[in-house]
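Below you'll find a set of structures to go through.
The same chain A turns up in both complexes below, where it pairs with chain B and then with chain C.
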Partner chain A sequence: MIKVTIDGRDIEVKEETTILNAARELGIKIPTLCYSEFLEPYAVCRICLCEVVRGKRSRLVTACNYPLRDASVSILTNSARVRNLRKLNLELLLAQAPAAKIVQDLAAEYGVTKTRFPIKNPDEKCILCGLCVQVCENLVGAGAIGFSSRGSKREVSTPWGVEPETCILCGACAHFCPTGHIVMTEEADERILHSELTLGPNAAISIPFRQAIPNVPRIDVEHCIHFKTGGCELCSKVCPKDCIDYQMKDEIEDIDVGAIVVATGFQDFDPTPLKQYGYGKYANVLSSIEFEQMNNAASPTGGAIVLENGEEPRSVAILHCIGSRDENNHKYCSRVCCMYALKFAHLIKEKTTAEVYQLYIDMRAFGKGYEEFYHRLLEEGVNVIRGKGAEIAPIGGKFGEEGLLVRCEDTLISKFREIPVDMVVLCTALEARDDSADLARKLNISKGADGWFIEAHPKLAPVSTTTDGVFLAGVCQGPKDIPDAVAQGTAAAGQAMKLMTVGELFLDAAYAAITDEICSGCRICNGLCPYNAISFLEDKKVSEVNAAMCKACGTCAAACPSGAITARHFTDDQIYAQIEAIFA
Partner chain B sequence: MDFEPKILGLLCNWCSYTGADLAGTARMKYPPNVYTVRVMCSGRVDPGFILDAMRAGADGVLVCGCHPGDCHYVEGNYKCLRRIPLTKKLLEGFGIDPRRLRLEWVSASEGGRFKEVVTEFTEQIRALGPLKLNDWAFAEQPLEVHEAA
Partner chain C sequence: MPYRANMMVCAGTGCVSNHSLELKQALEEEIQKRGLTDEVQVVPTGCNGFCGAGPIVVVQPDGIFYQLLKVKDIPYLVEEHLLKGRPVPRLMYVPPEEKTPIPKMNDIGFFKGQMLVALRNRGMIDPENIDDYIARDGYRSLAKVLTTMTPDEVIGVIKASGLRGRGGGGFPTGIKWESCKKAEGDIKYVICNADEGDPGAFMDRSIIEGDPHSVLEGMAIGAYAIGVSQGYIYVRIEYPLAIQRFRIALKQARDYGLLGDNIFGTGFSFDVDIRRGAGAFVCGESTALMASVEGRPGEPRAKYIHTVEHGLWNRPTCLNNVETWATVPVIILRGVEWFTSIGTGDVSQNPWGGSKGTKVFSLAGKINNTGLVEVPMGITLREMIYDVGGGIPKGRKFKAVQTGGPSGGFLPTELLDLQVDYEQLTEAGSMMGSGGMVVMDEDNCMVDMAKYFLTFTQDESCGKCTPCREGTLQMLEILKRICEGKGVPEDIQLLEDLSHFVIDASLCALGGSAPNPVLTSLRYFRDEYITHIRDKKCPAHICRDLNVYTIDPELCLVKGHGCGVCRRQCPDSAIVGEKNQVHNIDQELCKKCGVCLDVCKFDAVKVA
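And then the complex of A and B:
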């Protein structure tokens, strides 16, 4: 450790610490442009110049890369000499990159407003600091950009100025560029749709969502630079606990369980095919889940309700039953939309001064306290219109940027209405997940015509299925709100616990049994049982059913040529007797 | 007198029996000609049940199971699927029109489909007329075997 003085203040630092880092430890600010803590200092912008005073002699050095080696020096970061030189440098930088905001601001801070040096290009933003080149080369490992030419023609470009194959479009150069000279652009469509305002992670390493278990970040291998080029590893450089492991692999584990609670929920109905609502076309037509996400405090808008252009809407229409109670889509009522639509209205009233229009078929405020909430909303001045939104048209501009016209029939006054609004929220149906048929098959449970899983009995076994040990909870069984989903989940967990705590298995009285005396030992039944419940006893030369494994389908009984198998409770005798009784 | 067919319906507990129940609770109207017997799975259907029903006086037999891939016991319906054509061959051998036996897949949620299947099959059997067994088929008493003199 060595002791140095910076601007008259003493500090003890490790040898080889740079002046910049030592000053930062003291909270002394030294301006930098070409410095990044993640890269070797390149020291070309020379804005970080400082005076190193040793006895009577003083030298000017760049703070970002000057290592402190002996204790007898004192450093001046803001002396008159330093300031004068910074001013000169800023004039040079202003000549090189007159359009760079960061340079202009810094110059203004130092009282420099114009440059005495010739300006080559008034729109230039690049200060030739080389951060981008270094990032691409040393951090990302792509080497897609570099300096070309020399002297006054020197510039950053791709080799021969063409789009380089080695560029992986990671955007790291743009991220590091201090002046905003490098920008990432999308060539095709420059509009930002609300659908892009997801709560999802925006970085290649992130905690998937706030309540994730375990609550730790994970690397998105598809977007991580390290997995593309072998470079970067920035995250491991900043992690103080050395937790980052690039060798980790996805693992698929088989877990033995005795009970399964299916709580796979729903998916949102996609309103794009309903062209009359212009979802995906008009920027300010949102699906309910997008609106819900925008309202979340963790959303990119910080929970603010804004239009595509960032302004607050003056009026919002909320259209109920999009895809629900609709002969052409889902005939059922999605059950939660009326109430969340009212919640939306409340949020809009709370956060903005906008008018709110609710367009509904029937207001289904069915739950505890819900009707009261509806009345409260009416008192808050929400406009409710009984009639389904029929169509949305742009008022001006192709994408409805200047407003949207909601057309509907107000059935209470038998009038056709056109309501101009800034934003439309579509309350899209809850629908069964695309992969639910697959899951039903895997778990051997049934799906109804509407796609939801079927409970064993609507009143007597509401969370059970026809497969022992498989239970249902939440929307996967049918649309319901959170209180109902939680109640059902608790019940399902209870049913699963019941199975586990009893410690004994109760068997159905219906199972197959083989009569030794009649069995000829043909073994036809052995291969038929889907549960491998039948085995052949070599010593007795007969087959035997393991009653604990038998599920009583009776397939074996139907096949046994000797009639040796009794399907208990569905015996041949019982069935023949029924037939006899019917037709006799 | 109008001919009212008598049909035996062998319904799987998990799908078609529930489907039939649904048709009932939904108050759907369909011909009352099908008399149902519940089995745990279409795989339980012993061809003997079918033959016995026809002997006892059924004009047709309708077997219903879960859709392929949906059998509660994984593959009982596939076993049934293989037995039915063989049983039809057997019926032909007895001189019985194989159209009097039908296998259909009806799931627990398909009350409407159950109604359609029953209506359609009843009409088919009505068109085929009453099942008249040849003297030798299913005779109550074994036929006397005349020994060559």
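And then the complex of A and C:
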């Protein structure tokens, strides 16, 4: 540690600390233009010049990279001499890069509002601070940009002025550029991709969403610079607890369990094929889940209800039963839409001044307090129209930027109506997940024609399945709202706990058994068992029945060509004995 | 068998471009024809420095100096001098404004005032023959160092000698070696800076082309003292002959076991590689040079860490100039006492206490004897210019001398008695630099000269740091403005402010010294600026935009009879007049090209 004086104030710092860092510790601001704490000081803007006074001798040094080694020095960061040099420097920069706001602002701070030197190019922003080049070379490791020409012709460019293959489009240069000379632009896309609505610009390392569990950041390896070039590692440089581990990998773990609760839920019906609604084409036609997400306080809009152009809608139409109660799609009622549609209407009324139109087939407000909620909304002034939305057309502009027209038949007044709105929300159906068949096979449970999993008995065993130890909860069993899903989940958990508290299984005494000596290893039984209870032992080359899974149906015993399988308690001898007893 | 006479034909770049190689061939043929092959030897040598008198042949051992030779002079020269023993006066040097030729090289003013240390073998050896070098005590110092001295003793000698860097900075060489030796690291390097980017300078090139082994020997001695086994020579690509000479020298030294493993059986190993530089001026700066050797852009780097600790590839590196390295063997051989007897000041306490030994300068500009000279430190500018340099041509008046290359300052007549010494030059606003010396006479405009040199440095700025890049650019704009007659009184203060800013704030010494010509011209020739700005006049009539050309009617008519040459030659048809009548210049049309002034044979055109 050494003691130095900065602007008359004493400070003790570690040797080799730069003047800039020492001054920052004291809260003394030294202007910088080419410095970043994440890079080796390049020290070219020279705006940070300070005086180092040793005895009677004073020397000018750049604060950003001058290491303090000597205890007897005193540093002047803002002496008259220093200020004059900075002023002249800024005046020169104002002539060279007049459009750089950072220079204008700093110059104004020093009372320099105009330059005495001729301006080369009034639109020039680049001050040649080198941050972009440094970051690309030393942090990102791509080395895609550099300086070309020397002297006053120096400029930032890519090699030979062509788009470099080494550029990974990470945008780090634009991020570090203090002047806005480098910016990232996106090519305008004809289609507005809705899945992107929820995605704001994000760092490659972030907490995926607010309620994520565990609530810690994770690295998006597809966009992380480190995984592209091996460079950067900025996050590990700033993490005070050394938590960043670039070696961490996705792992597949095998977990032994005694019970499984299936709560895989649903997926949203994709309304794109229903061309009449223009989903995916008109910017302001949203699916219900998108609208739900927009309302989330953690959404890119911060929970505000806005149109694509950022303005508040003047009117919103909510169309029920998109994909539900529909002969061509799902015949069933999705059960939750009516109520969440009313919730949406309430939110719109609460957050905006927009008119709300509900277009419904039937208003199904069946739960506790739901009907009351419906009436409350009517009082709030929500327009309810009985009639399914038939078509959505743009009012102006190809993509409905200037408004949308909702066409429907109002069945209560038997009139065809056209309602101009700014935004449309489609209440899309809940549908079974695409992978539900796969899961059903894996767990040996059954599912209905509409894809929902089937419970063992609708009244007596509503959370059980035909496979012991596998239980159902939530929408995967059929559409339901949160209270119902939670109730069912609690029940399923109870069932699973029942198994666990006992700790051991009571087996039925009757189950099939294979005699190793007789089994030929043909495996015919393996595929036939409806309960997946038979597996083949590779080492012994014989099949084996898992007694816990066997339901003693006898299919295997009947099919075995070698007669190696006996159903215990139903052996041939026992059956003959019973027959004999009957006739005896 | 020794030869009766040695014909030392200068094969320096200057003489070669004046056909000295054809001369050499003609000499050889003539000598063979006369049957003298066994008695007379023809030796191609490095540059003699007196390039203005080239091609040069010196007949040794008598030291008879022949200049401005042509192939047709050879038969006569061989017959007279070599056969009949009669030197040929008409081929000898005659001092300007004198009549009697001077036969002996060492009696010629240009050579008389010189003292050859770095150039000790100038004109005496064939640079492509290591035996010539060895015959003149070459590699004796290396042998002495390796067999009788410890590294610390070597450093002690160099420190005590007061030798300071000849590349520009004047940093004491011994101290540099010592810090590099002390720096932590197993692998260290020595580098020879042969970038020589100053326009018109050719000191280093001459040493390499004329005596490459002296540099190699110096480097080997330094390497031993510091503890280095690898050296690099950084030569600019525009010096193909120098590169060639180094290649040959390296091979010969390796063949003789003077480079490579286990030199003289002492266990000390050292070898040298050549790196070619792309030829930017700033690449001569130490950190830029190292970046360039590493294969990165040749730009200076901003660090308060010295290259002796973190240099090439971040390892301790000792960089010295060609001339510095070439001087080292002589100091070892002839001793500290001899070396410190030459020059100024006292270095026994402090190596900064004076300037010792000799320095090579290239004399250029308005001076009779242009060329390369090596003079003892402490020589006055007057001695340099009038004795060695032979004075100003055509009897014109001396105005200023710039020392130290393009960023050196201009020193006026009042300072002619200033001694050539690191501190005295710096104090006067100039510097020793690498040894450029440009003389200016009364026909030079100092504003124009400042503009001229700043144009060079501004163009050579790498552009990395703002002060140098933007500062020199704007200074140049102001100077141009003044020369065009558009200067305003505030410009002088602004120029001064900018100069100080660029010097104080630049990252490397290029920007740190580039304003010197401007500052010194403002300091010693301020009235010229004022005349340009206030009166819109250039006293030397160099700044054409400020000139007014007129025709003296009397001279035109009486002497020239209105010959009309000017009218016909004027590219802008600005001159009117009938044949045999007085001619006149239409000032509206005159573009101030000055052609009329040049073509009028009767001095009737006047400029004001």
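Here is the rule we go by: the second predicted complex is superposed on the first by the 445 of 584 C-alpha atoms of A that agree within 3 Å, B and C clash if a C-alpha of one lies under 4 Å from a C-alpha of the other, contacts with A are read in each partner's own complex, and residues count from 1 in each chain.
As a convention for this text, a residue touches a chain if its C-beta (ideal position, glycine included) is under 8 Å from a C-beta of that chain, and two chains touch if they have at least 3 such contacts.
It should be emphasised that the depicted structure is a prediction, and the values quoted were computed from it without experimental measurement.
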Worksheet item: Which holds for A:Pro41: it touches chain B only (first), chain C only (second), both, or neither?
Response: second
Worksheet item: Given the touch rule stated above, what does A:Leu93 touch, chain B (first), chain C (second), both, or neither?
Response: second
Item to complete: With the two complexes superposed on chain A, say which partner A:Tyr576 touches: chain B (first), chain C (second), both, or neither.
Response: first
Practice prompt. Return first, second, both or neither, reflecting whether A:Leu128 touches chain B, chain C, both chains, or no partner chain.
Written response: second
Worksheet item: What residues of chain A sit close enough to touch chain B in their complex?
Response: 440-441, 444, 446-449, 454, 466-467, 510, 528, 530-531, 551-555, 557-559, 567, 570, 572, 575-576, 578-580, 582-584
Worksheet entry | In the complex, chain B residues that touch chain A | 6, 8, 14-15, 35, 37, 39-41, 43-49, 52-53, 56-58, 69-70, 72-76, 79, 83, 107-110
Fill in: Complex contact set, residues of chain C against chain A
280, 282, 297, 302-305, 458-467, 469-471, 473-474, 477, 494, 497-498, 501, 504-507
Worksheet entry | Complex interface listing, chain A residues touching chain C | 41-47, 49, 60-62, 65-67, 84-85, 88-89, 92-93, 95-96, 116-118, 127-128, 130, 146-147, 149-154
